[in-house]
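To keep things clear, I will list the structure first and then write my remarks on it.
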Amino acid sequence: MFKKVKDPGIGISSDERAKRFINPDGTFNIRHINRRTSFSRSYSYLIGISWLKFFGWVTLGYIVINLIFAVIYVLLGISAITKPTGSYVLDLLNAFFFSAQTITTVGYGAMAPKGLWFGIISSFEALIGLLSFSFVTGLLYGRFSRPKANVRFSSTIIIKEHKGQDSLMFRLMSRTTNVMIRPKIQVTLSLSKESNKKYINEFYNLDLQRSNITYLPTTWTVVHPINKNSPLCQFKRNEIPKLNGEILILVSYYDRSFNQEVHQAHSYVLNNIILDKSFIPAFYYGEEGYTILDHTKLSKLD
Amino acid sequence: MFKKVKDPGIGISSDERAKRFINPDGTFNIRHINRRTSFSRSYSYLIGISWLKFFGWVTLGYIVINLIFAVIYVLLGISAITKPTGSYVLDLLNAFFFSAQTITTVGYGAMAPKGLWFGIISSFEALIGLLSFSFVTGLLYGRFSRPKANVRFSSTIIIKEHKGQDSLMFRLMSRTTNVMIRPKIQVTLSLSKESNKKYINEFYNLDLQRSNITYLPTTWTVVHPINKNSPLCQFKRNEIPKLNGEILILVSYYDRSFNQEVHQAHSYVLNNIILDKSFIPAFYYGEEGYTILDHTKLSKLD
Amino acid sequence: MFKKVKDPGIGISSDERAKRFINPDGTFNIRHINRRTSFSRSYSYLIGISWLKFFGWVTLGYIVINLIFAVIYVLLGISAITKPTGSYVLDLLNAFFFSAQTITTVGYGAMAPKGLWFGIISSFEALIGLLSFSFVTGLLYGRFSRPKANVRFSSTIIIKEHKGQDSLMFRLMSRTTNVMIRPKIQVTLSLSKESNKKYINEFYNLDLQRSNITYLPTTWTVVHPINKNSPLCQFKRNEIPKLNGEILILVSYYDRSFNQEVHQAHSYVLNNIILDKSFIPAFYYGEEGYTILDHTKLSKLD
Amino acid sequence: MFKKVKDPGIGISSDERAKRFINPDGTFNIRHINRRTSFSRSYSYLIGISWLKFFGWVTLGYIVINLIFAVIYVLLGISAITKPTGSYVLDLLNAFFFSAQTITTVGYGAMAPKGLWFGIISSFEALIGLLSFSFVTGLLYGRFSRPKANVRFSSTIIIKEHKGQDSLMFRLMSRTTNVMIRPKIQVTLSLSKESNKKYINEFYNLDLQRSNITYLPTTWTVVHPINKNSPLCQFKRNEIPKLNGEILILVSYYDRSFNQEVHQAHSYVLNNIILDKSFIPAFYYGEEGYTILDHTKLSKLD
């Protein structure tokens, strides 16, 4: 018989306004407040954002730092690096260019610092430049090399007869061309039940037909048979997609490109379950005897 | 019944002057002497210090190296790079700027080396510069990317009735917004007993209500029930905070940002136990249906 | 008795055109189509290719970027950086050299940008240069430091009497001078059987004389005894090399240079089995009392 | 009773010339021949050597590359970068300095390339320079950050009565100030026995009083009791140091600075055993209540 299990750690008693625990992108549905800030957070932030945002921040930072130094150079007297043009804007632009030539260590020399203050400030601007580009080098490397699970889950989850029994199924694959080594999966059902006008969450482990395999080069259809050991057997098949609940998933596998074990969380809400459809195969034999895996078919139903 | 366990490895028979084994920051209370020094220690040191100290050392190093080269250039004759000013200080400053332009590889060229010795020395200063900034690049990356457990422990530890039984409780959470995956905790009690004017340490494992969970997105209240299996059951509840003992904690979890298992040690001294207070919840539901986790409430008691 | 096992995850029902599951280089025989492209893929690609290709791409990229900027500079008017030569080709070359001096941050200054547009573009070219070389730094480090299993398998696989029993044997060693720590091996046989003009794959685990050892400083001859527990005992020894099947191998060990566990897949097709030959020893005692390991003898038979 | 175990993987039948299997530095006593060379080996080599050798190679490489380019520049005609001096040596030196200014990207500009060939060659020298320093950045970071076990073993190994029984003992500690987390140790005895003028190795696991602990902040005395389960009980205590044998050790622990598990091999030859001496404590209580750990006392006997 199915049994309630302890809260896997969610530790949240939801009320009626509660949204899902785990978002489709694998993050948990938590807002943090009053967190102590630290310099390391900028690194985490810059590692986590999209490439577009990343290059946006780098370019913006480059312009802002150069503008700050340009203003300093203009205030100190532009004549120490180049002939004043008479126009404040053109002088500022020249100072900007001198700053850029210093911070990138290009240093053409057509503009070069004269005098004490320009010597000191440009010496430290070059230092700041090198430190900044060291930081960016680390960020770029960190963005690329950070071990990260790359599981793609089907957007669809179905209930369908499979080997004579209603079964809950979803599908997953690697987002990359890497074969997942020894993938393992753990599936927990959370059901939100009303009790005295408060919603209480109950948790159940869902037994799987197979919860681990040796390699995963193509797709894996994860199958939970809705037999008498399943907490879902207490509901009629049509009722299940109307329940207020969530299927919490934790996949781990050994990733061959990082050569270490990686984990990824995911969740489906019960409302998304589609009845009586099947997944169509995502791979087939090509002309030359190779197996062809079509990434666009992961979530396709017939 | 509770049983003494072997020394978990502390390996220290304390006497009456002894302080705690593990400091609140998770380091062990050991001073090392006569340790062989090596170049690698500078890296470990510069990885471990605060950002303020780190940039202080970098700036100091930059000034000192440039000063050394400036003195060399002045001794060799400043006229090989720029017109002598007649003032020793100004010549030294110009040499300093030339050195900075060389070591950062800015090389404006308004000052450029002439002659054999200036050619050789500036060639190697540029090499030293590149090696130094390579080193700093590695340090910066190492500082940011080093896998590190980020557990925050409540500053408070309490004894309170919980489910009809006195229980020892403390609380922990992630310092970051990352969800801790499969956290595990091991708690050992060390009691210091007098025997023939020497203090002997005895060690006991403390059973926990739950010693591992699947995820930890919010806070975890670790509960040790003071039942007949607890070594603390031999004392009256009021006596416990007067004992000379320490609670040694080792937490490990899989960190999603480093994608590897990390460990963190911590300890509480028994004297810090507060009786009959409870932790107030650190999270609540916000307006928009999100769980709000307030980092400042981790150690708050009602 | 030998027993069929579940598909280890290959998940492919082959037909008569099917080639092997795992290639001799350990990759799986899959073609991916319609995979979402991302910037990170260029990193994976540049990490995975040979050194020759890598430096080819770097050089090509360097020439192309400089050409693009050279064309821009010529279109904007070469006179802003150097005297026009009157020849379009020579002007383009000068612009190319100026671009190279900017992107590498050499910036001799004999050519230096004048005016607004040259100032802006050269400022950003220097930024692009530093970002590109940061990227290349990460690639170089990633190429060298990426944890990677370095097992070399014998190209030959034999069946031979060993301790009074026919045994299947192959040999492996470390490609590097590192000793493999705690190597483990798992061997699966796949047999392709015809049924209604379709080929069905059956999988069997092969028992090994030893499936794990403590260290592997030299070579390891992996031995599968073809006794009554072996799925191969149903065939005559001469028939085995004519079967349509594959031996799938997964080796894992703790690598001392990366200090982590690494995995490597490999496979042999049954057609490659050689009968009644033995491996000659790959190591012997040298003059000075050292064991000499000859890497060229791994696959040598007597 | 003690039992022979299988060869832990050494796989070597020694003859009378054989030296020890594992050297005191933890490397195995193997010479590799006919190993395929690859570019990656230079990285492994440069990662593994001492700091002195490393900087030696970097400096040598810098001088050699600059000399090669200097010769090319002189052959192409020094007048394209600076005024010829008339002296071949001085011209070569100037070309060397120009090369150094190019490869480090200092580019003062007092010497700057004119003409087609100088433009092309200097453009690519700057590229080579940046790639080389990227490589050196990776090397420096790799040298510092590579996870590595840092166990120091006592140079001495003793047999002494301990709790009423002769015991084999050696001592180990961390070379760093890091506390070793969950250290584990596995000890194997190899005995070389003569048989028909050939030496045969037999292997035995040695039982330890404790083979794992939770933390190791100070020193760990590893104790093998020579009771009836010990293969050493068949010899008289005075005979043991005269046996031809080796004690093979594999230690693994979780390192807090790398936050991963690391392994280290070590060995003692039986001839080094000292009878009836004890290790003196390596730590004591200091004035201020701290435990003082004296690294020089690890191998000290009374």
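We just call them A, B, C and D in the order they show up, numbering each chain from 1.
By definition in this document, contacts are C-beta pairs under 8 Å (C-beta built on N, C-alpha and C of every residue); 3 or more make two chains touch, one makes a residue touch a chain.
The model shown is predicted, which means the values in this text are computed figures rather than measured ones.
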| item | value |
| --- | --- |
| Contacts common to chain A and chain D (chain labels) | B, C |
| Numbering shared by both copies at the chain D-chain C contact, with half separating same from different | different |
| Centroid comparison with chain A (C-alpha atoms), farthest chain | D |
| Chain B onto chain C, rotation angle from CA fit, given as a multiple of 5 degrees | 180 |
| Inter-chain centre distance, chain B versus chain C - centres from mean C-alpha coordinates, in Å | 38 |
| Interchain centroid distance [CA atoms averaged], chain B/chain D, Å | 27 |
| Residues of chain D whose C-beta touches two or more other chains | 101, 105-109, 111, 137, 141, 258, 260 |
| Pairwise touch network: line, ring, star, complete, or other | complete |
| Touch list for chain C against partner chain B, complex | 105, 107-109, 137 |
| Contact set on chain D toward chain B in their complex | 51, 58-59, 62, 66, 93-94, 96-97, 100-101, 104-111, 133, 136-137, 140-141, 143-145, 175-177, 179, 181, 183, 210, 213-220, 254, 256-260, 283, 285-286, 288-297 |
| Chain C residues within the chain A interface of the complex | 6-12, 14-15, 17-19, 27-36, 39-40, 43-44, 101-102, 105-109, 111-114, 116, 119-120, 122-123, 126-127, 129-131, 134-135, 137-138, 141-142, 146-149, 186, 188, 250, 258, 260-263, 265 |
